[in-house]
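Some structures to go through are shown next.
Common to both upcoming complexes is chain A, partnered first by chain B, then by chain C.
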Partner chain A sequence: MEIKFEPRRGRLVIHAFGRKYDWIIEPRYWRNPVIGFLIWLSLPLIVTLVASLINIKPVALISTLIFANILIIVSIPLVLQIIGTGRVNFGPHFFVALGGYTAALLSKNFGISPILTLPVSFIIGLLIGLALSPITIISRGVYFVLITLLLPFILAELAYWRSDIFGAETGIPGVEVMVHTGNFMNDLIIYFYISFLIGFLYLLIVDRVLRSRYGFLMGVINEDEDVAAAYGIDVNRIKVIVFTFTSGAMAVAGWFLAHYQGSFTGPAWLTPAFLILVLLTTTLGGKGAIYGVVISGYVIAMLREVTRTTFGELSTVALFLILLILLYLLREGFWGLYRKRRYREYEPSIRIRRKT
Partner chain B sequence: MLKVSRLTKRFGGIIAVNDVSFEVKKGEIVGLIGPNGAGKSTLINLISGFYMPDKGSIEFNGKEITKSKMYERAKMGIARTFQNPRLVSNMTALMNVIYAVLGSERGKKISLVEAYGEAMYYLDLFGLLKKRDIVVSDLPIYELRLLELARALALQPKLLLIDEAMAGLNPAEAESVSRLINRIREEFDLTIIWVEHVLKILMKSVERIIVMHYGKLLADGFPEEVVKKPEVVEAYVGEERV
Partner chain C sequence: MKKLLALSALLLLSVALLGCAQPEQQPSKPLVVCALFDPRVPVFKADAEAIRLAVEEINTKGGIMGRQLTYIHEDTQRKVDIAVTAYRSAVLEKGCSIVFVEGVSEEVMAIIEEGAKIYSTNPHIVISSQAGVETTFKVIENYDKYKFYFRNLPPDPNLNYEVARWFFDIAKNVVGAKKVALLLEDAAWTKCAREGCLYESKFGKFESKAMKDWVRDEYGLEVVYVAHIAVGESNFLPMLETAAKNGAEYIFVLSSWYTNTVTLTKQWAASAARDIPLAFFGGPAQWIRAWNLTGGDNLGTIAMIYDYEALPPISPLTQNLVKKMHDLGLSVDTSVSYYYSEVYRIKEAMEKAKTTENIDAVIKAMEELNFTNHATIVPKFNYFGYRNANFHSYTGGPTLNAQIQCNGTPVYIMRPEVILEAGFPKPVADAMNPAAYKPPAELRKICGKT
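So, the complex of A and B:
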């Protein structure tokens, strides 16, 4: 089989397997989503290679990648929720804990497998989200923030009050793990790919939603609800739907945690520190930028790991100081940095697909 | 087409609209005038569903809409503009009109590409085609007024409520907006209620004038007759020379 390279002005034409492929040499025209996907997919390999080069154990690094994926799984639905409701939810970890407790209790008490606890955790998150969704209609601004901020505190207190059920700070042990190959490293890599799949699926779904007519309408709601109503948009309906489904999506992160760690300790995830990391992931990603969330999730998780191993007791202070500086420097987030390189971009954009 | 009966709206101790009743026939263009604080904009807000009335009822095309929400009224065919243009400021002019096309009753049935095409048509109608990619916050007031009208028209309304389309415009621009309003009224067979302070232009454009004062309906009739009524002149003394 002959492979022939034909350099042309600004691009490289590759003749292979009876077909012709074009590769545009100018980096700004590269298919960035494909490159991004391939990098994300091969992260465990990259990390393992780097670890072997600098002679450290890759376990901690793979665990960091999994933590980054957890941040991404929570933050992508949160970004959609912020766009669709025009409000910032300060209680995403409440839904994470809901999913985690649901999966842990079902697995420990009834021996239900992770395959079945997944839809149940999602539905519980969905139903509680639906029950709480009127807050997106009746409250806004600081009132909405306070209401959503109180939810995780209430759940944490409930976990302490009924420690016989929720296990308080010791958590619920004995949860069936998803993967058990006998090799810890292999298990971690599989967990990475499970969390990657969830994150990637969320990315695709949210991207699709944001590019749909509903995504367009959410953009107006985010800007001005009165104007949206004047446009004939049923603002309340969209807010309720978005809040409900994104709540269910966040609960899946809890499901993953429970079956990844083999236990679920609510108070460990219902902390302001985790909330701040999630909010920073969404903010540093860039305004409404779901692809930026993937970048910021990894940067924050890596920074967390680096500061933890470098600064000891002051690791949290160092982490938040660095993130503070990043917030100051990157007003438009990581996605803003990327977009500055682009030749021309209108946001949101319409893709016209022509039938061939 | 529109029947407003004994409509009342209070804000605390202030009665912004007090027992107002009138009817508007299909195809009519009605001017709504009055001194500052007369309750004109509140009345527009009540008809469009921006505010809910404390008393009274509103019928549109024979259907009771008093309790209908703003988006439901927009879907029924009541579109409005705002006194201070309210658009999605961080989006382009084109996107703003696309939103309206998608928000309209037929919005669910058409594709994004069709919505794009329709939005271009409405922008062209108001001479804004060249400005389609300009972010709304960068547009001057005259173009914002036109864009609001294009946005309202994209909803394919039966009744268009215009709240002070001339505010902030110079005489030439005001004249141009007035001509456009009359043109779209004829082309799209619209019924229009037009709140305005610039009486000279309004007098030329409307067939009927309703005068409000202190939340009450003061006069209703042909423009030339209404502005000569002593109670109307008295209400306007110091406000505007008619």
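So, the complex of A and C:
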């Protein structure tokens, strides 16, 4: 196997595995999705390397990266839902808890493995999402916000009311963990990559959807439902489909939590504190910017850990103050920073495919 | 796509190899004691400070077998994911041998699962005053996996009965009540009190009737009203008014920190129930400064009080703890004394095992230790080794319950014979004075509070 680099004018030609690859030297032509993916993929490697240089174990940092992935797993479907329904859902953690409870109850009571609880959690989230999807038709504005805000409260109360099933504040213990290699660091890294894979898969799917004809239709609905309907778009159908599938996708975050922690406690995740982190992740990502969500997920999770270890009792105040300043300064979110540098892509553009 | 896959595989391989290359951590010196508490919650702040205090006292006296202790505090922000991250960091990065965790069951549930994974490479002990019984059963059913976990509190079924029942001893034998009202916090830890429960394990079973049933059957008291207090509830007036309307002569509140007992007390003092004695199981009612918090409205209420500098000494540590915590501007509830005492138990267990590094041996010693130096609990109720459903936990028993009288002064009203029989020292029993109990209306007259 021979790898050969051949400099050419303005580009580097790489000969490897019997094939030829081009890499344009001028940065503005770089394939940034590939670079972004590689950075994301190599985060544990970077963290581990840096930690080994300063002779510490990177346990807390990798745990924080996993939490960032959880934020991303919830936030990417939420972004798609906001675009496709034209409404901001204030109850994404309701679906997280649904997925968590489904996985935990199936695992604890029936000994079902995580591989099987995954599709069931997704389907339960999807079905409950379908049952609730009419709220995207009958309500908008503050009514939709209130309805979605109430759902987690209702579930939390149910968890207390039927503590025999849901374990109330104690939760459901004895959930089978996904990974147990015997080496804790390896376990953590594997958990990182499992959550990374889910997040990355969501990113790919949502990217495809948003670039498709349906993405265009969702964009129109997001701009103005009435206009969309006037153009003959089946607004209600699209809203129901989007709400249903994204609800199922959010439930997968709960599935991951249950099998990652070996227990699931709904009231711990049905709190406004978690909701705020999810909403900040979507907002600071940038308007409808799913790649920005990945950046904001990591920034928020890392800020949370840094402020926790730095500011003592004032850590949450410091965290939310910093996020408040970021919200004020970054009108277009983290993705806006990137797009401003990539000025040619900054103005929104619509690609219309014509049938010939 | 193929390129991406190849690069991904290369990166994954590198990360996995790095993970394998982590060197085994050598036992750190000095002995590291970690406290995982949210300092924004006053009781947790006091718990953490009590642990720090004990560590400093032990260091002043030469440490444990000459080995000094280092205290590290980690903020949990009272969130499960942060608590787990802090715990991992404490054990794996900071080399904690002893980890104290705030009494929040959902955090401990997740933490002991993590602990089971890392114990073999990083032996350590976890102690928490959470109530959920499930953790005890984990230790009982799978000892080798979870033996590192101890609970400095009775498991909730035992707590709901063996600790709570002495408030009804007061109702019957001190207050002379015949009709009682029960206000029960609607949380998992009160399930046995609300509904009754049966838990079975290989070391025995917990079986408990609902509180309304055992109060009637064992104390002959008529339960005229039962209400469940939702977590976060702040309007208690309807419950108090109904209790009064139903003729209750004693109101017992099975409360923890989830219930806003300060507001409840203020509403009681302004309600038709103000002449009915009100007894609290837990929460800020245990603090002397509850007098200031309620503006003196807690006059006549009953609670377990250890936050009193004139508390008769249960062990040489009792008064020392209260005084020093007050000097720090902090209050002492039961959990504060429990965490403080456990640091001393660790010291004694290590000395008994003659090692500070062999954690397996220390765990065995903790199970066998007859710990007489607990600040507030006598040995038979703080013993960890009972081969019953309280294994690795405290056992419920009588507590020092007092009525708040003029200027917020507690007057201990437990029957002395109960205290003596429970194994408390005689001076403690002598300090009990049930005859000093006074109905709230009379106290208001005596203390000049209208």
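To be clear about the criterion, the second predicted complex is superposed on the first by the 322 of 356 C-alpha atoms of A that agree within 3 Å, B and C clash if a C-alpha of one lies under 4 Å from a C-alpha of the other, contacts with A are read in each partner's own complex, and residues count from 1 in each chain.
Simple rule for what comes next: a contact is a pair of C-beta atoms (placed from the backbone, for glycine too) under 8 Å apart; a residue touches a chain by one contact, two chains touch by 3 or more.
Bear in mind the structure is a predicted one, so any value in this text is a computation, not a measurement.
Asker: When both complexes are superposed, which of chain B and chain C contacts more residues belonging to chain A?
Answerer: Per-residue touch count on chain A favours C.
Asker: Contacts for A:Phe184 in the overlay, against chain B (first) and chain C (second): which applies, first, second, both or neither?
Answerer: After superposing on A, A:Phe184 lies in contact with chain C but is clear of chain B.
Asker: Please indicate which partner A:Tyr231 is in contact with in the superposed arrangement: first for chain B, second for chain C, both, or neither.
Answerer: First partner only.
Asker: In the superposed arrangement, which partner chain does A:Val220 touch: chain B (first), chain C (second), both, or neither?
Answerer: In the superposition, A:Val220 contacts chain B only.
Asker: Please name which positions on chain B make contact with chain A in the complex.
Answerer: Listed in rising order, the residues of chain B that touch chain A are 48-50, 69-72, 74-75, 79-80, 82, 86-92, 95, 98-100, 102-105, 107-108, 112-113, 115-116, 133, 151, 155.
Asker: Could you pull out which chain A residues touch chain C in their complex?
Answerer: Those residues of chain A that touch chain C are 17, 21, 34, 37-38, 41-42, 44-45, 48-49, 52, 56-57, 59-60, 63-64, 67, 70, 157, 160-161, 163-164, 167-171, 173-174, 177, 180, 183-189, 193, 261-263, 265, 267-269, 273, 304-305, 308-309, 312-313, 315-316.
Asker: Report the residues of chain A in contact with chain B in the complex, numbered from low to high.
Answerer: 213, 216-217, 219-220, 223-224, 226-235, 346, 348, 350, 352
Asker: Can you list the chain C residues touching chain A in their complex?
Answerer: Chain C reaches chain A through residues 2-4, 6-8, 11-12, 14-16, 18-20, 22, 25, 39-40, 75, 77, 79-82, 84-86, 88-89, 92-93, 104-106, 109-110, 113-114, 117-118, 121, 132, 134-135, 138, 186-189, 191, 195, 230-231, 258.
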